[in-house]
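Dropping a structure here in structure tokens format, bear with me for questions.
Per-chain residue numbering starts at 1, and chain names A, B, C and D are given in the order in which the chains are listed.
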Amino acid sequence: MTAAPITILYFAWLRERTGCAEERVALPDGVGNVGDLMAWLQARDDGHRSAFANPRLVRAAVNQDFAGPDTAIAPGDEIAFFPPVTGG
Amino acid sequence: MTAAPITILYFAWLRERTGCAEERVALPDGVGNVGDLMAWLQARDDGHRSAFANPRLVRAAVNQDFAGPDTAIAPGDEIAFFPPVTGG
Amino acid sequence: MSEAEFDVAAEMGELANSGGVGGIGCFVGVVRSDVARPISALELEHYPGMTERAIGRIVAQAEARFGLLGCTVIHRVGRLPPGARIVLVLAASAHRAASLEATAFLIDWLKTRAPFWKREVYLDGEASWVLALDEDEQAAARWGGEVGAGV
Amino acid sequence: MSEAEFDVAAEMGELANSGGVGGIGCFVGVVRSDVARPISALELEHYPGMTERAIGRIVAQAEARFGLLGCTVIHRVGRLPPGARIVLVLAASAHRAASLEATAFLIDWLKTRAPFWKREVYLDGEASWVLALDEDEQAAARWGGEVGAGV
């Protein structure tokens, strides 16, 4: 039996820099929270490195709730990365 | 030559109590400001007495600007008496 | 001043077309009927001439104080049924904070510095003049400036 | 969420018909074009699913906190020309103070706690993502409560 993958969503300039709106990956070994995932994603390719180059500009959500670097993630979760919101 | 009369307007329950929306009178001798005029009007009849019975409930305007008891009045002026406003 | 109903969308559209507008604050006052003593109508009396002067002055002060790009105040008079709209305040500015603060300022000042008087007519035919509220005077006072003086 | 224009008057009329409403506060956000660098359009991206959740939560908090009798939030997405209306907030209550405070609360929270992103497209064809403003974060912070956490 394989664990469910995680879904990663990117919005605004994070989508542009990664070149990707949505990707599914198996939860990598050693990745237990949002901060771990960001570190892992940064090492994937130039696009991801550029997207996460300044983590202070990146916000996250886990399963559609705002999340911080310590928020835990598990197989099947939906994790989103985006810049600070600018609606209204 | 006679001096121009003053115009006195009453609104809301002051109009109801005086039984009068507008009256014109010659500026009485010894009446130099709004407070003097109120004292003079109170002595006119029961309706006016009832209207001005509690001066704390009465507001005034002279020539369409809010006025206090010390505001001077002169022949030709338009003086209005009314309760505290309740618009909006 | 108007006895007729006003068109919020049209008034708002006019303000939105002013260049540079980023936000429009708005307040609409509605004739409220108390459950404990329902009314059949609200009657609004005003002081013709002074009303226009007072509103003109309040609008000019709001425009200067909040740097508005436009501002609309419509106040109805006459006899209005429960649920009818009494007053419309619109304030347009480049940014939302100024537009919403100006809206609050305008309605607070209208309540305490414009010569309107409300009379409630109850279902049983009795009627009474609405009393001015201390809290309205306090709301207006937080903006500073002179208050309509007592006699 | 809607790509279509909204009808302020119709939305307001629905709220005014709730019993006991005495005032409706309203804010309309408008696509602003900077004179120094005019735009041809504003593009609004959002996070489907999370947006609805976030707005639902913000509305529920406003209703509880300000004792509202009704509340409407409509946020447009997609491509909008200058002067177009982006967002509508309506808050109805028995008294004006609560309706205007709730309006300010709702728009402050929408600006900082709902997943929308704006992109300005300039007349020369260039485009850039709008930066979040510290002042928006401060405006939201005055209402207390948790803030969208940084990573």
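Some observations on this one:
Heads up, the rule we're going with is that contacts are C-beta pairs under 8 Å (C-beta built on N, C-alpha and C of every residue); 3 or more make two chains touch, one makes a residue touch a chain.
Please read all numbers here as calculations on a predicted model, not as lab measurements.
When you average the Cα atoms of each chain and compare centres, the chain farthest from subunit C turns out to be A.
Between subunit B and subunit D, the centres computed from C-alpha atoms are 49 Å apart. Subunit C and subunit D have CA centres that are 24 Å apart.
Averaged Cα coordinates give subunit A a centre that lies 74 Å from the centre of subunit B. Residue positions of subunit D touching 2 or more other chains, listed in rising order: 29, 96, 107. Within subunit A, the positions touching two or more other chains are listed as 88. Pairwise chain contacts in this structure: A-D, B-C, C-D. Across the interface of their complex, subunit A is touched by residues 29, 44-47, 49-50, 53, 75, 86-87, 107, 110-119, 129-132, 136, 148-151 of subunit D.
Per the touch definition, subunit B reaches subunit C in the complex via residues 9, 11-13, 34-35, 38, 55-56, 58-61, 64-69, 80-88. Of all residues in subunit D, only 7-9, 12, 16-17, 19-30, 32-33, 35, 83, 85, 94, 96-97, 99-100, 103-104, 107, 139 touch subunit C in the complex they form.
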